[in-house]
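In this document, chain identifiers A, B, C, D and E correspond to the written order of the chains, with residue numbering beginning at 1 in each.
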Amino acid sequence: MSEQQPYEPKIVAFLCKWCSSAGSDLAGVSRIQYPANATPITVPCSGSMSPMYILSAFNKGADGVLVSGCHIGDCHYMEGNFLARRKLHLVKELLQFIGVEENRFRMSWVSAAEGAKYAQVVKDFVEDLRPLGSQEKLKAQRT
Amino acid sequence: MSHNPPDNIYLPKLARIAHIKEEVAGERSIKTFRLEFVNGDGFDHQCGQCAMLSIFGRGESMISIASSPLIKEYKQFSIMRVGRVTSAFHDLSVGDTVGIRGPYGNSFPVDDWRGKNLIFIGGGCGLAPIWPVITTAVAQRANFKNITVFYGGRSPRDIMYRAELEKLRSSADVHLSVDKSEEGWNEFCGFVPSNVMDKAPPPDNAIAITCGPPIMIKFVLQNLQNLGFKDEQIYTTIENKMKCGIGKCGRCNVGKDYVCVKGPVYSWAQLKNLPQEY
Amino acid sequence: MTKKRTGVFVCHCGTNIAATVDVSRLAKEMAGEETVAFSRDYVYMCSDPGQNSVIEAIKENNLDSVVVTCCSPNLHEKTFRDNAARAGISGFTCEIANIREQCSWVHKNRDEATAKAIKISRSAVRRVARNQSLEPIAVPVTRRVMVIGGGIAGIQASLDIANAGLEVVLVEKLATIGGHMLQLSETFPTLDCSQCILSPKMVEVSRHPKITLMTYSEVQEVSGAVGNFRVKILQKPTYVDPEACKLCDECTVVCPVVVPNEHDLGLTSRRAIHIPFAQAIPASYTLDEDSCLGLNPIRCGKCKDVCEAGAINYDMLPKTVVEDVGAIVVATGFDLYPQEKILEYGAGNVEDVLDGLQFERLCSASGATKGHVLRPSDQKEPKDVVFIQCVGSRDPAQHCAYCSKICCMYTAKHARLYKHHVPDGRAYVFYIDIRSGGKGYEEFVQRAMEEDETVYLRGRVSKLYRKDGKVRVLGTDTLTGENVEIDADMVVLALAMQPSKGTEEAAKVLKIGRDKDGFLAEAHPKLKPVESVTGGIYLAGCAQGPKDIPETVSQASAAAAKVIGLLSSDTLNHAPTVARVRRSHCTGCEMCVTACPYKAIRLENGKAVVNEVLCEGCGSCSATCLRAAIEVKNVTQLQVFDMIEACLTV
Amino acid sequence: MINIQDIRDTARDLLAKGEVRAVIGWRAGSRGMPAEPVVITAPEQADELVWDPTCYHNLALHLVEDRKFLAHARKTAGAPIGIIAKGCDARAIVVLMQENYFKREDVYIIGVSCEGSGMIAEWKVARQLDGAVPTAAAFAGDEFAFATAAGEKRLPAREVMADRCLECRNPFPKEHNVALGEDKTGRALEAPFAALARFETRSEGERWEFWQRQFDRCIRCFACRSVCPMCYCEECVVDSINIAVAPETTAEEKANRIRWIERSAVKSENITYHMTRAIHLAGRCVDCGECERVCPVNIPLRLLNNKMEREARERFGYEPGASIGGPSLVASFRDDDPGAFIR
Amino acid sequence: MSMEKILDKARLNDWIAALAKGGDWEVHAPALEDGVWTYKPVGDAVRMDHPNTKQPPKGFSFPQREVFFSFEQIKGEAPRLTQVMPDPKRRAVFGVRPCDGRGAVRMDRVFADNVNDPYYQARRKNVAYVGLACNTPPAATCFCKSVGGSPVSTDGLDILLTDLGDRYHVAAVTETGKAMMAVAGSPLADAAAADRKQVKQVHGEAVAQPQRAVNNPEAAPAKLKASFNSPLWEELARACIGCGICTFLCPTCHCFDLNDEMTGTVPIKGNRVRTWDNCQFPDFTMHSSGHNPRENTAARLRQRVCHKFQYFHENFGMLQCTGCGRCVSECPVGIDIVAVVNKVAEHVA
């Protein structure tokens, strides 16, 4: 990537297998274009999101982390997203508390039917991350 | 690599895996690796010394050099799969390159043993550290009198260096044993110390060299003493966790001794004066 | 676990992937991965030669794991896992990297798309590097089925399944089965009498030895998983013993309470004690406790007094019944979009403006007017009737975005039925366009226009209001561009279909997903149209989306076939990707036990133990355990850790 | 005010009757002050016990240590173990029981109320005494009495009390077998979470500036974790080096340890460690403040845990250490948990 | 090698400035940050009224983390190693207390014993310690005198400063020290006889200050040796929580770990890194088999104390402990090395 090109935030997107991953598939089937910044990792359920994954992604240099699951009440595993909501609320609060920009961590509910929404979520996230520049606060210092 | 300042003892030399042999299968499997130095780098070693082997990205492990110092072309290591580094070793193939630094530690005073009877007593993975002594002694067969090897594993499948041990029979007395017998096993059945007691090698003009799990060593010692061996006639090696190999990282010490420098070879006469921290 | 020998197979998907992603570069990059022993690209990996090449490559190169980079795993994961199995390795060492839906189809820039495809693929390779070879777990199944909803969909499914020899429990919320079809008069495209074709089926249900019918009942709680569900059903009291009831109708005569009759959509009234309609199944009266004066002989007690059969029992209590079943069919149907929400057409407050079902009741021989079309306000025969299509449908701004699919047809039917009843009447239909796909459908609409001289006006009705005893309808004919003004005696709105209230409730209880319109979500829009996302739960009828009777019946039979297939053997394969406890790390804190939605974990001697049959592999436990002492096989934290790494490697 | 003889008598009695096999308490430190934790096993040792404003150690930790000690010695417990517990110690014991670390009947809790007072912060005392080094400290109503070379010095409790004690909501050990001292729950020397609230008025940039400076100093001695009764895990997730060795631990498991962070004490790794710990203590931390006290480089760790505690309280209506039977914070949920942050 | 000067306190900054400019020295001095005294690169004002720093200055030659070499390996190729040597920056550390100076002596012995540690040496040769004599009453935890030190000891220091109220007495200890004083120029004035007298007196008073003490330190090695199997250790260590503060903060603890830290996976890239490690951690000596030669806190406390007071003495003829008292004041549970040694000596025949 040459110098002139705009800064491209690196996003790790954790998608639940049933809703959000299917939602992103639908975005594909519908050919809705969105930025290529977010690399998806499919997890069984948003409830399987260990806070460690988020911390680890930042530690490995992610500029933003997205967690997306089924809407409340629609969890394929019934309650996973309820658990995720509570757990990740804490993670989000903590990140903000230590002074990491609020916009670096995002959570959304995207159903299997919401291809357009998934695309929009990624678009918005990328736009919100762009002004923040690359994430150095939590990134591992290994030199 | 050639620009390595020779004084950086932390920088490994590179060695290529020339040969891999599977010794023992199962949960704690053992493989024997033959390493050849690359870029003309290398070092000589003595019986009983060990080397730090590296897999870059996984870490380092101290491993006894299991080949005789007489062999210059390669160095041999028998590695049991127990954790991070050793598992990574088991994943390697011939042709892969690893790091090696050493040699570390003291050695068996093999030259002082000329004209004596040598009795080797090994268990499990503990054959590797004494194997260079055995092979060196056999190569210089004329220098020694009787050579006896006791070795045992949990079952016939846990016997390492099987083929080599068979070959050894032509120049030494080899007594194998297994803890639990299986069909087709017609040698001793029981623990190694019992086998030693059973064959009762005489202590006169003899040196006993033992290596194996701590519990085995404990009973071997007792039995040897019962057979009349003196403390100065018994040698063993101890393996404490090591990171640096040069007496600085602070974990392998037994009392004041850093095992990586003062050990790993000790006579029982020396060892019994050290605190029991191994 | 020794180092994997993974094969990577990069699919071009014709140009679907290859046009946007540099596939050969992708294959080369993957070859550079530590664990990859073989990597190639091919134009159609899922084609026969493509699949065979995978099998051959596995065998020839002694591969123990596979990554196929192609389309969504929803499409071909199974295909390639089967291939892996055919080549002699565990299907669970095969993973799909989705570089089509999640990459080539949504990005244009080739460099960016290629870079992203590499990350996605690399993360699959890293994951596979630690996948365990697993074999499915065999679970004994309960060879019984529950069908929820007793409309035509539920009836058809129940009969098909019962006829295949499996026991069925049919749960219906109302006092009778039959659903909406029971309210229809005649049905398109053949105009045969709805009840005439439905009633025999209802009777068959009631008599079928393999079917247990539970009306006036609702599913309250479902636990377990495919093959072994445990369902709790609440049976509301009808206060009438169906065995004893002689259907003499004495009770309704004495009952002092008069309330609108739902079956006739309020066009008629009924008593607190009533039979939903004459041929109700089960054939018995029901006392509606909400309108009854008090279920108390002191307050009223007239019906109890008059019932000679002694069938009435005020002390009847709700009953909770537990049923174990292996599969569930959800056929909870539709409701009409509420007229109150159509503000532009008076929100239900304009007299003589009816909805389609009310009109069906007007036409029905068993309906309010005994089959005479009379307008409700004055019971006179209407001479000018306006039918408005697409009311609430296809209106994303205000109402439903979707097309309700059947309104064109039933409006044509209504127009024709009206003309058959009132030959000198004038029928006008306002439409946006006519969707009459279906066998004999187009002809049916043509006949409405030609034979029955219905006036079809293309355009929307902008407004209607009551004027001089008539309903003034203002609209535009977009074909002529003229404004149209009709003073109608009666207006019939073809209201949109929406998922029934009961569908919403059932989805909640069963924890199955719904689509954005609230209809039950199918596992795949094309390939799994009758499966829900949850294993063992199937969908049928209008609960899944708007459809007419033939389509409803087909889907019901399809669901039945799936169920029969599922329960055709005594055991079921359960996915082996279940949670596993690392005993040395577990401290027995019980957090995972609390978190598991399937109650699949218990403590034994201070350590967590997973019931593999109950575990669905959701991973809630793993995310909750502080010590990562419990993890889902093949989605371990280490694997996710590696995948994160891969996603951030440029 | 609690009479130390009552504590000693209780302990002596329990030991003499054999009702407990040992009592965990405090005795005078080798320099007189501060007190140090002690495990006494004989009735006559009861006279060593002390109760003063330097008994800040959360003794629940030593229950954990005791269990590990027994496991190590391959012994079974037999009789219950006695423990002297302040309000926060008792809350920690409740959390441990909630997590089945031991059973209620295994522990005999001799509750001691901090009443209207609490533990001192040594640095505050040093500041107030201007260098004079006290050799003993004692409760004296609203004051603390210090023995110094220049004779007794009295200081108002509020001026030298540890922040955690000033903000303490329940200075009385609710869970106990026997309790000594008055229950002054609800006393409010300082508003709960006062320090946190003050901190939160800072901007995002200021917060980061603050924390990065703090974390940069961490030397990763892990004392904060070692001193925490809730960090009883055999192998901490952030430890890339520890090996949980149990007969079941396989070579595979050891080889596949996840290295969430590295051992290097650099900012990023330190932060990840502390974030992990804060998350892991959400709903479990009882605000005994020990991590903050022991940190050799004064990192205000309580702020992190307080933040989580307040979230739990305000958003999820959850109070750590309130009940033995209830579900853990992160293993449970309520339908109306806040979700506005989700898009 | 005597060179004595007098420095007006007000001109301390001038000297420091001269060092930075004329001698390429990066100057560090204790600063109070968030309530902790830490060595920091010198800013505007240097204050040297600190008690001892929380952490000893050992990090200047033995940092918590240092990279030894980096490696890179492309699949199928041999790894490439690149040695990383420390930045050759010269660092002058002001305000080092004598106990820590003596700590440096002990570290030097370890890292030169058997074979030289190239990384330690590379750093050490570029560090100069400008000590500050302790002439205020000692902290409650100080015991340097009983372990062979003194509040005015010059061991391991390059220069010793003595606070004379408004002036410092500056005495060179090593050639490096002399050179550093030489760059100072005018701020350093020659010491007058009265100054010398005053220093002598101040030193005398400092040494006379009462301290805690290890009783009979000469006997300690033998007593500890005899104590090895004493059950006393179990009792002494019962409260120890194995946190390791005592060793991380000790000026002479030098144990370390070697680890590979990854920086990339395509190709495999990373660094071999040395970090501090700690004999009080349970896994420190634990073998993969689970066997642990020092398997409980008792064995680990014994190791720490015996290392300081016996093993080191046997190997190098001096006690390793310098009496700084950090492990005493910072131990969360009050384990007190002085009390431990004394108790052991008392109970062991």
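Methods note: a residue touches a chain if its C-beta (ideal position, glycine included) is under 8 Å from a C-beta of that chain, and two chains touch if they have at least 3 such contacts.
Keep in mind it's a predicted model, so treat the numbers as computed, not measured.
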item	value
Count of contact steps on the shortest path from chain A to chain B	2
Partner chains shared by chain B and chain D (touch criterion as defined above)	C, E
Maximum centroid distance from chain B, chain identifier (CA atoms)	C
Interface with more contacting C-beta pairs, comparing A-D to B-C	A-D
Innermost chain, taking as reference the mean of every protein Cα atom displayed	A
Farthest chain relative to chain D (centres taken as mean CA coordinates)	C
Computed distance of Cα centres, chain E from chain C, in Å	73
Chain centre separation in whole Å, for chain E relative to chain D (CA means)	31
Separation of mean Cα positions, chain C and chain A [Å, integer]	30
Distance between chain centroids, defined by C-alpha means - chain B, chain E (Å)	39
Sequence positions of chain D contacting 2 or more other chains	237, 243, 245-247, 249, 251-252, 254, 260, 262, 266, 330-332
Residues within chain B bordering two or more other chains	82-83, 86
In chain A, residues with contacts to at least two other chains	51-52, 56, 79, 83, 87, 142
Chain pairs in mutual contact under the definition given at the outset	A-C, A-D, A-E, B-C, B-D, B-E, C-D, C-E, D-E
Contacting residues of chain D [partner chain E, same complex]	29-31, 34-39, 57, 61-62, 65, 69, 72, 123, 133, 213-214, 217, 219-223, 226-227, 240-243, 245-247, 249, 251, 254, 259, 262-266, 290, 293-294, 296-300
Residue numbers on chain B that touch chain C, as the complex places them	90-91
Interface residues, chain C side, partner chain E - complex	29, 32-34, 122, 645-646, 649
Contact set on chain B toward chain D in their complex	27-28, 81-84, 86-88
Sites on chain C touched by chain D in the complex	1, 130, 582-585, 587-595, 603, 606, 624, 626-628, 637-638, 641
